[in-house]
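In the two complexes below, subunit A is the common chain; its partner is subunit B in one and subunit C in the other.
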Partner chain A sequence: MSTNTVAVMLRETKQDGPSPAMRVKHFVGDYGILIIFAIVLAFLSIAAPNFLTLDNLVNVVRQSSIIGIIALGMTFIMITAGIDLSVGSVVGLAGMVFAILAPSSGNALWIPLVAGLGVGLLVGFLSAALVVWGRVLPFLATLATMAVARTAALVLTDGQVVSGLSGPAEWLGSGFIGPIPVPVILFIVAALLCDFVLSRTKFGSHVYAIGGNEESSKKVGISVNRVLFTVYLIGGGLAAMGGLVLTARLDGAAPTAGLTYELQVIAAVVIGGTSLFGGVGTIRGTVIGVLLLGVVMNGMNLLGVSSYYQQGVQGLILALAVLLNRWKSD
Partner chain B sequence: MTDGPSATTPLVALNNIQKTFGAVTALRGVSIDVLPGETFALLGDNAAGKSTLMKVLTGVYQPDHGTIRMEGDAVSFPTPAVSRTAGIEMVYQDFALADNLDVRTNIFLGREPQKNIIGPLVRVIDKKKMERETNRVLERLDIPINPRLKVKRLSGGQRQAVAIGRALAFDAKLIIMDEPTANLSVAKVDKLIEVTQKLKDLGIAVIIITHRLDEAFAVADRCAVMRQGEVVGRFRMDEVTESEVAHLISQGSLDGYEAALDDAPPERRRIGSTSTPIKTDQVPTIGSDA
Partner chain C sequence: MNMRRRVSTVAALFAASALVLTGCSNGGSASDDASGGDEQYDIGVVVLDLQDPDLAHMVEAMEASAEEEGVTLHVADSKKDVASELNQVEDLLTRQVDAVIMQPLDGEASQNAANRVIEAGVPLFILSTEFADGADVAYESYIGVDDTLAGVMQAEYLNEQLPEGGKIVFAAGIYGASWTDRRKSGFDDTINDNFEIVAEFQAKGSRDEGKRNMEDTLQRFGPGEIDAVVANNDEMAIGAASAIKDAGRTGDIAEVIGVDGTPPAVAAIEAGEMTATVRQDSAGQGEEAVRVVHSFLKGDTVEDRYTLPFTLITKENVAEFAE
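Then we have the complex of A and B:
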């Protein structure tokens, strides 16, 4: 997948004839994270004998797929210069709704699926309403919805864990289609769809325009409010989907599930080159950011590095990525 | 045409436009008309009503009274989109561009051409068409810019070209330019002359909203002077001087103008603060266009 992505990116970034120094800068700026990714892959292939096996690689992607699915939605939001802190709480709430309604309680599978996704959309709608109608900063608006959604998850079961789903619901988390785990397929399909929407449609173009200059977007007649509502709905819906997959994988839901996911997700999106100030970012970049973090975690496990170091290493990669982006845009 | 506007049907005629906001009367019965292909300056101080009038013309505001005619037919512009469809385009003072996007995307922002893939339900932006049209439009302006260049890499003049190109891409008959040199790093009156001349050659009428008299005298065929929501004077640029217009902007009439001239020291007569003396050969006159 990574070589493919490199080829695609190489084709798409022809420069207009800058100086050799600028060329190097653009190259490192554009591919810095890919280069780091390649180095990490090369290092782990040599240092950890079990790393470069199909089983392990599939495992890495599967472990990354939940964060990945959520990060796709976050990419849309962050490109509009917004942010969504509520995604971790949505994972907990949607997963809880799913677990409560799951087929063990006698319903058909579509009911818990629709209810779980619906509750994510609802939280996304609330965030968007605060941002668009209430003119609240996205950081604060979603800090509020994050608290509300977490509370709802706790109140639903009075803080209790719900466990024991039936076969079809579990399949969402642990099933396979051919050799590929279902969460991985969901991640790939969602990523392809999001990439298509963001890079090729009118809506996607407007997402970038709003992040670049909201005032100008209004002047040229873009329905800014509608676009903003849509991105928060996408974010809430994909976060809920992440919650369903997590619940299905664990065969149960805890009201505290997804705690601090928002931080991992934001880190992955930023590592993938999306700017917190909006206007810049790609789904491909986000996928690379998610996989890079996943591979590093996996590699440290394989090498027997104490888990105490893992967050620190994540932080280092984040800092490096942000510095790269800053250097590129100077 | 030398006999004045009556010889041709105006492209746009605003007649007796009135607009109040609560207790504030912004426009007290304003009439102006713009001929096809002419460059028309709308002059006046801040709060004279220039912007309000243009917002009526672009469909942002609805007038309380008065009519708008285009090429002789009564029209109404309930929304900005209707005004744009009629061929009226606005070039904003800040150019209304998104720096993070490339030139072609900016030109078509909000009005992207689309094509179907997998039937009419799935539609994507037709980037090839955008690029083709961008090249065509910028060629018409004689300002070639790589359509794939990000706008943040462009100079002030190039940005303005993109903003004007945006209007051209949709077959504008009238382009309204709001303070066109306010966002150019150097006061590029020369460049503005070039661009407006090009638009004139293309047969496109231009309204320039400005408080810089040197600019107006350099590019416009005619002007209207607004003060406190009224038009206090309409002139062909060759029948009036900068200092007369300046007096009109501040006093509302030319009564006492001669007396003021006698009192004022010579350098104060020209009120366009940064103005340079206008060379007469730069002043286009009505009827002189080829």
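Then we have the complex of A and C:
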């Protein structure tokens, strides 16, 4: 498994005569989250008799795929040193638009799909407009769009739940292609695409450059505004996609759907090694962060751990991952 | 701070003068009005969460009822936040409403806001959620249900349906919230000893969390190891039912029970995915509250408590509730 380029650069600049202690540190720094993931998997395989079954593993990945799809977009945004708090509200709004249009439009599934993704892109555009043109901090800009999108979801149905989708719409959340659930396939395809864009394209390298240093990126001729607009559009679009899958999976949309998703998504991305200060992060790391959180939640349910402790354990993992990242970059 | 105070003073003055003006015009029109006698009353309503579909529905019913009764409602949303609840109450008092209908957010913490109404000399009515035992709030009447009864009815239903008992998975709402605690304690106190709760999770009232937790629970317990799923509300029960359906175990788990009687839950009972729910008639409570307050303002005496019953909805009577 390769690490991200920035981490490698950091490592090489610091490496004059690597002592064994330094080597251990680098190894743990680079692979720490994978090691934690492996330990958790090993522990659950022994402790929870139903954990290591094909059925349960499919279940975990399917559950994680919605947060996962959203986390991919968040990774782009956070590498530019931004953040998007609106994703949970976008899940609610896009899901609501999808649910309203899905049963009435019969076979033309593309109408609710396009409309749902469209509102996600619109919210992403608004966030980007505030950040780029309004020069508002991403945290505040997306706090505003978070409130606006949630309000829109509530106003659309006067706070009511919309339940019951057409068969093809439901397939998006509950269907299978071969043995693999549709949400998992969407997650895998989106992750591969995002990984390619981020690690192999000029745009991807610009995303890292802006997060590393926005001013010098401008000086070397990177169109910073265009890149920022693009990452918030990617974030809004993928959050909307998560909302459509969630709505399809639940066969209905609640205006409060996706509440606090932004926190879970940000936690997963940070656990995956992306820095809140920008310039650092990978899609692979994010995927591992998402799966780690998903596996931990599933494992606690299998072990019958009380709900009281579940959030606390998530918090512990987050703290551990952040400490690991800090230690690595020191 | 200073600026804000000045603004609010101006706003209060403005509101006061507006009231004087409308008062005058009302007085004028009242003498012209042949049917006459009816004064125009303004009733403030503080709802705990307008984002909740059931409460949104309740407010709609209250507004319709207010129109019939010829009173004006000013609806405020405390957004599940005690500080915001107090602000909303103070704003309503500033607007000099004739009475306040309040749905307390918290059995303890909301007493402060309630007493603010009473100190201002405005009659207070409590809707659908109750204060904790030993509360010192001199309200005029309580209109609503006792959430404990919903849990009691779920348990009585199970005791009757599964006389042999069985293994229960319990989907709790939000620990510490009065609706969850009361419904849960009513259930726990009433379910007989033949039953055992083998797993309990907190799904915060949402379909999403209900489904996710139930999927894991189905991995933990194989076919024949769960007899019933009991949820503190319908959205969680629907989520659990959907997980059971996806796993192809609908017939295997005999009972899936919720509370609220929302339209999607009624549809799920019709489809055989859920087996029962207990309907709290929120709309009925809201309408009743508006009527009680109006008759109080007209000078009639009112009772201390108006409790409305829950209704058990099962396959047998579900057709009556389908829209």
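In this section, the second predicted complex is superposed on the first by the 308 of 330 C-alpha atoms of A that agree within 3 Å, B and C clash if a C-alpha of one lies under 4 Å from a C-alpha of the other, contacts with A are read in each partner's own complex, and residues count from 1 in each chain.
Assume a residue touches a chain if its C-beta (ideal position, glycine included) is under 8 Å from a C-beta of that chain, and two chains touch if they have at least 3 such contacts.
Keep in mind that this is a model prediction, so the values were computed, not measured.
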{"item": "Subunit C versus subunit B on the shared subunit A, clash or fit after superposition", "value": "fit"}
{"item": "Partner chain in contact with A:G92 - subunit B first, subunit C second, else both or neither", "value": "neither"}
{"item": "Dominant toucher of subunit A (residue count), subunit B or subunit C", "value": "C"}
{"item": "Partner chain(s) touched by A:N59 [first = subunit B, second = subunit C, both, neither]", "value": "second"}
{"item": "Partner chain(s) touched by A:Y208 [first = subunit B, second = subunit C, both, neither]", "value": "first"}
{"item": "Which superposed partner A:G279 touches (first subunit B, second subunit C, both, neither)", "value": "first"}
{"item": "Touched partner set for A:S217, first subunit B, second subunit C, both or neither", "value": "first"}
{"item": "Subunit B versus subunit C as contact partner of A:R200, first or second or both or neither", "value": "first"}
{"item": "Shortest span in Å between Cα atoms of subunit B and of subunit C, once chain A is used as the common reference", "value": "38"}
{"item": "Residues of subunit A that lie at the interface with subunit B and also at the interface with subunit C", "value": "none"}
{"item": "Residue ranges of subunit A touching subunit C (in the complex, touch as defined)", "value": "48, 50, 53, 55-56, 59, 63, 154, 158-161, 163-164, 174, 246, 249-252, 254-259, 297-298, 301-302, 304, 306-308"}
{"item": "Subunit B residues within the subunit A interface of the complex", "value": "80-81, 84, 90, 92, 94-101, 105, 109-112, 114, 123-125, 146, 148-149, 166"}
{"item": "Contact set on subunit C toward subunit A in their complex", "value": "50-53, 55-57, 60, 172, 175, 199-202, 206-208, 211-213, 215-217, 219-220, 235, 238-239, 242, 246, 262-264, 267"}
{"item": "Contact footprint of subunit B on subunit A as seen in their complex", "value": "16, 200-202, 205-206, 208-209, 211-213, 215-217, 219-222, 279-280"}
